[in-house]
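Look at the two complexes coming up: chain A is in both, with chain B in one and chain C in the other.
Right, the complex of A and B next:
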């Protein structure tokens, strides 16, 4: 008995030591996490209740929920919110479906061929967003862009289309670019997930007479669900936070047709110095992201 | 209970992560980066992607102080400069600081080079972090109307009280003065923004007859005739009312305000007054004119590129620095060698008022009197010292703000062009109205208004919306 309690004491000490080591390993990251995530987050929520602006000896004025109520009466914010949701609702399914389709086609390929495909789709992800944007801007150029050139050459377009300067097209151009820069990571993840599906399960289903569609939906799809969930959440967050493309290509125009909440946060805080208002938008955006992610988790669990 | 606590902790952590994504902005790969545009001031040199920082140690200056006047001054100050001509070039600025240190060896000047894409954000972030620079070089719309109006700058009245300060043009001095009577900028240089035409395209269209090349002027009627002639000659894109952002917006304002001699603000600089019948008529005619595109996909900098590469026959975003720019080939020529002729904006009464750019120095009040004194000494040396000021102005590639400073560019390659601008363009520099309160919002409202007009919005309604929103911003 005494021997057993000594052993338990030793194992507890060991666990404590290992736990302490683990926390020490985590500490550097934790410091950054607290410093650059937790504290800014708290300040963001706190400042959103104030009329806060830049200036010497300017005191922040507590205004309660006024920033939040103003948001819903601000037509630019409402348009930005609508645009953001359009981007999310179009981009997320498109990215997921396209990357799953491509992955299903290429994951059985071997060696160089598979690596080539991975490279092709991953290249826009690792290329700097400025470089990507500059190239796209050239392609969309009103005067000598390749889209107008090809379109006119093929007789599809009669007169040059001002892709980024026309309300009817600008947001869709942004979505297209976002799509190309978003599919790389999901494809790599899906290829990996599909490659890790237990072949014995697939073979067993074949023995039971399952066809290809049944094999995919009944065996592979449930097994890659965690990857799908991760891709959904990450793509949703990235789409909600679409900013650099807007900043570099359209500055929210023409006529606010490409304003997103992220861009409007930047504009309110850094151009108009309305820090409280910008933070209130940040909180609202975070709530939307959290809600949508929660729904995705819930749906994935039910599956 | 333990399970509930764990769930709560997990939920808290999840929310933390979600909210932090919004709080902290974007991922590293999506940081806003250099937008290929010049702002109010199309820079002569390409804008830098990131600020560079370097220190010129006063103690390392080779030449000793000429006299003992500056020897007892000891301080370390920071200078942040936007790319105003060669004030964005480290070799040029180093040489200017070396001259300063020869006289004031105890002052160390650390320079940071800003660009017009991220510069404002950098300065604002520094202000919020209590790390504002001691000196910043830019124009009244930032130094006076923005940071000065927010009580962040030091009053520079004493510099205006000097002999050199008393010589500064009244209009320039007025632009540096805030509503509270304090001066938040001490000016060094200025330029009048104008427009330019491609001579080859105009000759091909037989449109040179509409220009007065002696005075570089044209009437509104002749301007419209010229645009039509160039368009009829097969040049579909004659000019662009660029409006993707605020970059180079002084060009569109100047064109519209001058066509029928109207105004943008009142003379007191307290109110926006662009909703005049004359401005509305100008906008309606521009919108209806074949060959003029309201283009929401380009800004001023991009319009210059299109003009230089021969896509457009005119640029509305021009000045002396553009005319002497030889980055893409011979100065005063397009990329394919066509001659560029600078022109005043057309006017119906023959009195064009050009938008001006005025650049100088402001001092942030960081609470350290020794640094403030050193900063004032630096500004005084750069702008007022008889042996130095010509070099300081020349570095800007623009013009002096004092009539007593003449012949700065004599003997240089650009002397003829600078003389042309000095004779025909600088005298037409109009009211510097960019100091009206709410200027940042008004600028945004302006290009948004042009976008709406460009997509078929009713001109009178859109102009009224602009004025209402701009004045609401001014009243805040």
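Right, the complex of A and C next:
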């Protein structure tokens, strides 16, 4: 149904009718999409150029790029940015490698066993961030937590450690929990991708005498590359957005050692009521995510 | 074929990996086990420095305490935008049912929110996805680009402007403020477009020749064919909406309006060391959603896999 360049009057009318009916089908969704996604996005960029603080008598004042220049001089923001990158750089490769390893082990198992394993690794996602977080908080607890108990039992820990209240450990505790809540979806995706690999290709390589390692890296790995790319992108986005864990476990403390950009946005906007400043941070975060996704796409394409 | 020793070597590797895998699976399931057993433990057992791996006696104390906290009517619903039309400027509110503990009310709110978001998302996304996949219209390419870009952006960065928008629409602190942005999130349209691509054009053409209108074609031909996709989207929306803590945190604040996630967070803030009470709340939040997930597991995993493969 390609649009021909010599459109007759009749086909023009057809296009018009098609356009009208298409928009009627799109309308219900567009109301929500434009109203509650597109407009807030535009407002986010717009307000980031204003000094918009709640409780002030005056209207928002246009201050140009001042919010952005302030960001780079704000030590808390810089620390939050560093923490965010640590989380992303540790958790994204860990999640990808771990989920690939698990999937490679389970994808040929029988139906029930496979779905049981898949289910178990998906459980922390379904349980919900708040329920997961409160139980980890208990497990990390200084006095009643099982981490200290098991640690002492194994001789790893000498005295009770205040895991979440100690600058050396807090961020790593967060990364550990984030990891357990992040591998579920990649495993589902990898299992289905590995299951879709054309068996005739694998058999052909067996005839040529390929061993298991070669079979994996030379045949299967290139075929599941699109899935890997998708997993990289969604895991990166998820890690950048890490919020509930931080708000409920440490509130960014101790001494801002677990502040992330997402948490600091929340803190600036809803504790300090500096909307413009928070929006500027949101814009910066979105730019970082867009850049990282673009880099990942480019790298994957080259391969 | 490898030599005999190679085969043995491989099976040893497999056996070791399977053992490691089983241990990891147990560790992954452990937090959930700890939530559920914790909810039924006595106070002494919870605060023991040597943990009870299995409750010695099962008690309902924690649930009793949870349900003794604040009460609210079972059902209360503000009609969206109604404050614009009433004389006193207050929204129309329906209340019904006996007075129940706040925790039950939070559960009712959460179920309503998730079901409503699910229904609205499925209907609007299926329609929009079909139009994007099967219709050639002006602005199609631009709209699709906009949808893909919006999907890649973090949802949370738009929350600040969204909050102000909601308060100017008088939707702030109503459940609709959480539902509407979830419905607008373009993932559903994207997924439905992928599924609608699979509907053969000849079938649509044939229906048109038979004189079926647009609505009839959609309901009788397209919908049955994209059903698996709609099922996947429904369960996906239900789970993400149930668990979308950040959005709920910002949009809702009065006790009777909270969702179960917010309720537990509040319990934790107010009684930070009463782990039994908190675990009772957490299990109340987790068990329904896990049950839903296990029942519909098949559709769900198929759906995410299909969406990603085609996208």
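Keep in mind that, in the parts below, the second predicted complex is superposed on the first by the 273 of 303 C-alpha atoms of A that agree within 3 Å, B and C clash if a C-alpha of one lies under 4 Å from a C-alpha of the other, contacts with A are read in each partner's own complex, and residues count from 1 in each chain.
To be clear about the criterion, a residue touches a chain if its C-beta (ideal position, glycine included) is under 8 Å from a C-beta of that chain, and two chains touch if they have at least 3 such contacts.
All values derive from a computational prediction rather than experimental measurement.
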Touched partner set for A:211, first chain B, second chain C, both or neither: second
Chain B versus chain C as contact partner of A:147, first or second or both or neither: neither
Partner chain(s) touched by A:115 [first = chain B, second = chain C, both, neither]: second
Larger contact residue set on chain A - chain B or chain C: C
Which of chain B and chain C A:123 touches, first, second, both or neither: second
First, second, both or neither for A:293, with chain B first and chain C second: both
First, second, both or neither for A:285, with chain B first and chain C second: both
Which of chain B and chain C A:169 touches, first, second, both or neither: neither
Which superposed partner A:36 touches (first chain B, second chain C, both, neither): both
Overlap of chain C and chain B interfaces on chain A (superposed complexes): 36-38, 40-41, 43-44, 128-130, 134, 141, 143-144, 237, 241, 243-244, 247-248, 262, 265-266, 270, 279, 282-283, 285-286, 289-290, 293
Complex interface listing, chain B residues touching chain A: 14-27, 29-36, 120-121, 124, 127-128, 150-152, 237, 243-245, 293, 295-298, 306, 311, 365, 440-441, 444, 447-448, 451-452, 454-455
Parts of chain A lying in touch with chain B, wherever the complex brings them together: 36-38, 40-41, 43-45, 54-58, 128-130, 134, 140-144, 162-167, 237-238, 241, 243-244, 247-248, 250-251, 253-256, 262, 265-267, 270-273, 279, 282-283, 285-286, 289-290, 293
Complex contacts: residues of chain A adjacent to chain C: 1, 3, 15, 18-19, 21-26, 28-30, 32-41, 43-44, 47, 102, 105-106, 115, 117-124, 126-132, 134-139, 141, 143-144, 146, 149, 180, 185, 188-189, 191-193, 196, 211-212, 226-227, 230, 233, 237, 240-241, 243-244, 247-248, 262, 265-266, 269-270, 275, 278-279, 282-283, 285-286, 289-290, 293
Chain A contact footprint on chain C (complex, rising order): 2, 6, 10, 14, 17-18, 21, 24-25, 28-29, 31-32, 34-35, 38, 46-51, 120, 123-125, 127-128, 130-132, 135-138, 140, 143, 146-147, 150, 152-162, 164-165, 180-181, 183-186, 189, 201, 214, 218, 239, 242-243, 245-246, 249-250, 261-262, 264-265, 268, 273, 275, 278-279, 281-283, 285-286, 289-290, 293-294, 297-298, 301-302, 304-305, 308-309, 311
